[in-house]
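Following are the structures in question.
The following pair of complexes shares a single chain, chain A, combined with chain B in the former and chain C in the latter.
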Partner chain A sequence: MTKEWILPKGHLSYWLRQLRNTASLIAPLRVDGDIVFKSLENIHEVSLDNPALLPSPKEFLFPQQESLFWVEDGTKVRQLYNNEKRFVFGVRSCDISALRLLDRFYLEGYEDPYYSLRRKNTVFISIVCNNPDPTCFCIGLGTGPYLEKGFDIQLTDLGDRYFVQAGNTKAIRIIRQWKFLFNKPKRVDYEDQYEVFLSSKARFQKRISLENVREYILAGKVKDSFWGSVTERCFECGGCVYECPLCTCFTVTDRVYSFGIDRVRLWDTCLFKGFTRMAGGILPNEKKILRTKRWYYHKLIHYPDVLGGFGCVGCGRCTVTCPGKIDMATIAIKLRDLQDND
Partner chain B sequence: MTKTYRNIYIPERTEIKEKLYLTGDVCLFRVESERPFEYNPGQFFMVSLWGAGEVPISVASLSNKRREIEFCIRRAGKVTSAIHELQEGNFLWIRGPYGKAFPLEYAIGRDVLIVGGGIGLAPLRPVLQWGLQNKNSIKKISLLYGARTPEDIIFKEDLQEWAEKGINVVLTVDRPGDGWDGNIGLVTTLWHKAEIDFKDAVSFICGPEVMIKAAIKDLFFFGMPEERIITTLEAHMKCGVGKCGHCYNGEKYICTDGPVFTYKEIKEFNLL
Partner chain C sequence: MIAMDKILTVCPYCGCGCGLYLHVDRGRLVGVSPSKSHPVNRGSLCVKGWNAHEFVIHPDRLLSPMIKDKGEFRECTWDIALDYVAHRLMEIRDRHGPDSIGILSSAKCTNEENYLMMKFARAVVGTNNIDHCARLCHSSTVGGLAAAFGSGAMTNSISEIRDAKVLFVIGSNTTEQHPMIGMHMLDAVDRGAILIVADPRRPQIAEFAHIHLRHKPGTDVALLMGIMHIIVNEGLVDIDFVRRRTENFDTFERILRDFHPHAVERITGVGIEEIRRVARIYAMEKRSMLFYAMGITQHITGVDNVRACANLVMLTGHIGLPSSGINPLRGQNNVQGACDMGALPNVYSGYQTVTNPRARRKFERAWKRKLPLKPGLTVVEMTEAAYEGRLKALYIMGENPLLSDPDLNHVNEAMKRLDLLIVQDIFPNETMQYAHVVLPACSFAEKDGTFTNTERRVQLLRKAIEPLGNSRPDWEIITELSRRMGYDMKYRGTYEIMEEIALLTPSYGGMLHHRLREVHGLQWPCPDVAHPGTPFLHRKKIAKGLGTFITVEFKPPAELPDDEYPFILTTGRIYFHYHTGTMCRRTSVLEREEPECYVEINPDDAEVLHIKDKSQVRVSSRRGSITVFARVTDRTPQGVVFIPFHYSEAAANLLTNAALDPTVKIPEYKVCAVKVEPLIKEDRRPRSIKIVDLEDLRIT
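Moving on to the complex of A and B:
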């Protein structure tokens, strides 16, 4: 169910201020030339003129570190929940697409209570990318720049106004709370919105089909010598994992204080050697090539098989982060070239 | 907070009722939980000790009505060493059971071959116990069990009891000490003593990875169908519920897709 409105640009800050009064508002913010997602106090701090590439909002659902529970006197277990209601404004379509898979991953089978609660309490207001970065390749994956469904509230910048779409009943209720700010869209609005979408599509520099890459790998055409050359360039920094909106691995550790024990979970990386270390020091993935391969196989083979979509939404963050230039896009292009020469 | 969510990460308290050393570094913990748990052979629990951490340990007993669970734990790493320090009456925290159990129904009407190595006998123990309970519906049970030295053999009393109750128990050690007059060598040199019809049998295997690999290869060669060669794999785990990613191997999560796998799955998904 999708409903559309028009929000004149002059009304945006008023609307955000209203949202800010009902829940905390997280939005992109310029800090020393860098753009970060942060909880806002002043609406005028919101940065609207952003590049397509922003930090992943993954940490608002799955924080880099979080306390799971406290144990006092060795027997009293106190659960810790963050029940804060939040709006996350300014997220990109690719990250919203990632949520579809994250939801399946965290909520199906054994439901992760921490993710679940955060997800229920968070409304995402995403912005269609009018001007994709050179590193973006969501277009080939159907995960952006514009979404047909799966969003909470989606805004398209039409110059002097936003085309607003609410993708579920909760989002519709939020818009209706301040309906005096929104107008009914006219035919010209729909036309302009479509035009923006078309021009954005035309601006993509990278056209990558991960489907082809997957087929190629599954056909057994990618030899270990290829993965070997990829591995040689891997610095094992874990940058791709931390930046990736679809990397979900974590480790759990107990922090011991005089007044109790804090069981914490932290982001972890399959690219680290110790990731699979078992008691007694056995390392099943001691060979680096196994770890690099694992990252690609997990995203290209396992994710589609189990969750119905690639473990990549084409955000291009790993392209920017990877010091060895063995990011998803580069590897996909290399494999496509190999395929063409086959 | 208004609504409470069922939290999969919070373990429940159990009390250590008995602590029994089986060898120098392997200890059997019999714990009593505050509520009954239903678990099946092959499944595991995440066992926690505050401040030390959490480890996956498979059940070494059959589910019973007395709220008892037995864990056979070898002192191997940080957490297991800390658990070994516990005394009877101390608390051990558990959550589970997790993972797929052994498909015991395959054993009905067939010969059963159980192959164990070292502490790998622990997850197989409830299979043997189940076998004795269901003797009439199974043809024959053979156990091939290997340990490094005679002192490393675990569940000595059980082995004796099983032999008395009609299970074909074949033991072997790598390094015999004084007074050992049994078999010497790997379990995979003892197939002729199994005395079963390999083509119409089911095998349950657990032990070190090299042993599992060798055993699988031989049994398949003897004509045992690949879906009836069943083993259980181990991996480093942090959650036990398919979220943390540590046990992802081949194309499967050991915790939720396993830890019990057939040779068919192992081959298909490159698990070993």
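Moving on to the complex of A and C:
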């Protein structure tokens, strides 16, 4: 179910102000040379036309560090839930696609109560990308630059106005609360939106087919010597996993204070040998090559087999963060070149 | 309170000085992300940086001042603790003189705090006995490079690395210890640069090297002199540069003749052909950068090693241009700054020597106190003085000598003999057990100030959260203490301290907080408020006028292997940990990755000794003995073993030798003689086996 409206640009700040009255509003802001997501204090500071390097909004559903429960007197357990209602404004389409995979991991089968509550309390307002980075490659994966479905609220910048799409009943209700700000779209608006889609697609510098890479790997053509050369360059920083909008690795630790125990969940990565440490200190993945290889296998082979889609949405963040330049795009291109020479 | 705030600040780990954002949710620290516009890390971080938020709120944090009473620490108010410290310090000063008090400042604290600490030592206590851990890592650099060029710091910027044509890395495990610098090096190699690594071990960076020289530990002087011998012999000297910009070449050249390649080959174990190739490649390319770290400095010949590096750079004219210079990689986040601020026994801020009457008068006028004339004691000398009873009180800010200093058993005894030991830190540490007073300080996330990274970039540290419990920023503690000792330091904030630093320190003249806020810091020298900072040093002219060739001689390490102790032990850091582990070992992911100490041993040696991978072994030297797990790997050459020094439960420094470099007193952490023995497993079979009849066990 999708409903559409037109929001004149002049109405945007008023609308955001109204949203902020009902929940906390998080948006991309320009600070100290970078763009970061943070609580919006001055509506006019929101940075809309972000050319590059927008961080992933994963932290708002699956925080880097989160207290799960608190134990007092050795017996009294108090679960800690974050019940804060949030609007996250200015997210990219690829990240919305990533949320769908995060949802499947955290909500299917066993439903993670912490994730679930945050998910219910958060509304994402995404913007169709009209300014992709050189590192972006969502276009080859169908995860961007715009979405047909799966979003909460999607805005398309048509110059003097936004084309607004609400993708679920909750989103429709939110728009209807301030109905007087929105107009009904005309035929020309649909045409203009399509025009934006076309021009956006034309701006991508990278086109990568992960499907080909997957087939090439499954055909057994990629030798361990290749993975060896990749592994050599791994700095074991974990950046690819931390930055990835759909990586889900976490670890759990207890902080024992004199007045109670705090059980904390923290981001972790499968690229570390200790991640799979077993009793007696046995490390099944002690060799670095096993771990590097597994990261790619997980995203390229395992995800499609189990969840029906690649474990990569083409956001290009690992390309930016990887100190050894062995990110998804680079490896996919290398494998494509190998394939061409076969 | 803001629901989700991001505050740009500087990483508290190594000298790279990466820019990172601290994520704060309603006053609680919840995460970290890299700055993408920062010139050093450009959107990357190493694993320590990514996890830098966690230790801050660890339950072990010291949250209240404590005074030891009948052998036990008792919490007390700040007033009581500070009055006690002030009273005791004044008492000791009056009875035994100011030089009976020693102060250890900290490379983990801000420039402002180091400056105040040095002012406290000199103006309030009246002693030059102030030093910090730079003594243990790069004092050789400060001494060696200052004499050759007049400035002891990286001459290039990190961002220049990618444009270099030759990278000569000697004694540095760059990708693991300065990961973001390693990233730039890898970038340069991808762009066609030639990478030469000289290291007895095989660090990760050597995997990318075109040439890897594995000389014997402690033979760096010979290796470098051998390279220079060939450069001179083959006429690859930049004669024009040597003539115009340097002095004392002739004397040096005479010494150089002794280092015939054959002799060098015998000493270092590196073939002549290899040495020749390196000499040619390094000398012939113009954009050559030389990097070194602890592998050069932590020897009894540390200063000579550094001088040899400096001579090599001058001989080939590889200095004073972008992507061309000599680059000591500083270990701590602010070790460059702590040195710049004069937390050293012989200099004020900006390396103005205490023996220079003009400099002293300048500081006396500004501080309105008479200042001591004689240079003070260094870290290791303070321990010695405490041992001998000459030093009565020691005030330690943010350091842990009981794990970081060499020959720990000796340090242990020295600390016990002190009349007053003040430990000011964020966590309990090994040294604290002998403390009389403990003062809880704030972590990097709870205070303002500046850090100076290894490329001389002075960057703003921004407060992200309020101080935990009763802890206070170090600078506030020092000012409070100083007031109680009758010297009122009046500062409303760290920016006012920086103003005073700028006034008295020529190279920091333009480093005012409001300027540093606008950009990712400024690189010194920055003499005035309009100056844009200096990306590379010695442009058009060597800082001190002419570069000086200083003659060096080869001296073997103080302790060499023999029949009883047949292995060379070399110590160092590992990727997941950092120094004495105060922060990283309280970070769950980092501690999980490397929870145990180990010794790296070559497979051939392991076979002879019947040591299996992951089995327990005992490593002993003449000074002590520890039990660790063996890691059998050819990363370490035959005859050499490596132990990281992070682990208090198996402290490598129980083994190390406190032999010192004669000039700057840096201990020889990189070479000492040890023996390795497999631990004989106790027979684990039960002594008597009782056979139980299955019938008896059956439940009927």
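We take it that the second predicted complex is superposed on the first by the 340 of 342 C-alpha atoms of A that agree within 3 Å, B and C clash if a C-alpha of one lies under 4 Å from a C-alpha of the other, contacts with A are read in each partner's own complex, and residues count from 1 in each chain.
Criterion: a contact is a pair of C-beta atoms (placed from the backbone, for glycine too) under 8 Å apart; a residue touches a chain by one contact, two chains touch by 3 or more.
These numbers were taken from a predicted model, which means no experiment stands behind them.
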item: First (chain B), second (chain C), both or neither touched by A:R277; value: both
item: Which of chain B and chain C A:D268 touches, first, second, both or neither; value: both
item: Partner chain(s) touched by A:R17 [first = chain B, second = chain C, both, neither]; value: neither
item: First (chain B), second (chain C), both or neither touched by A:F69; value: first
item: First, second, both or neither for A:K3, with chain B first and chain C second; value: neither
item: Touching partner for A:V256 - first (chain B), second (chain C), both, neither; value: both
item: Partner chain(s) touched by A:R104 [first = chain B, second = chain C, both, neither]; value: neither
item: Chain B versus chain C as contact partner of A:P55, first or second or both or neither; value: second
item: First (chain B), second (chain C), both or neither touched by A:K288; value: neither
item: Overlapping contact positions on chain A, where the chain C interface meets the chain B interface; value: 251, 253, 256, 268, 277, 281
item: Chain B residues touching chain A - in the complex, by the definition given at the top; value: 1-2, 4-10, 13, 50-55, 76-80, 91, 234-236, 238-239, 241-249, 251, 256
item: Touching residues (chain side chain C, partner chain A) in the complex; value: 2-6, 8, 21, 23, 25, 29-38, 42-47, 49-50, 53-54, 57-59, 175, 179-180, 182-183, 186-187, 190, 204, 207-208, 520, 575, 588-589, 592-596
item: Chain A to chain C touching residues, read off their complex; value: 24, 26, 31-34, 36-39, 41, 52-53, 55, 59-60, 63-66, 84, 86, 232-233, 235-239, 242, 251, 253, 255-258, 266-268, 272-274, 277, 281, 320-325
item: Chain A - residues contacting chain B, complex; value: 68-69, 71, 74-75, 77, 79, 81, 83, 105-106, 109-113, 116-117, 248-254, 256, 261, 263, 265, 268, 270, 275-281, 284, 294, 297-298, 301-302, 305
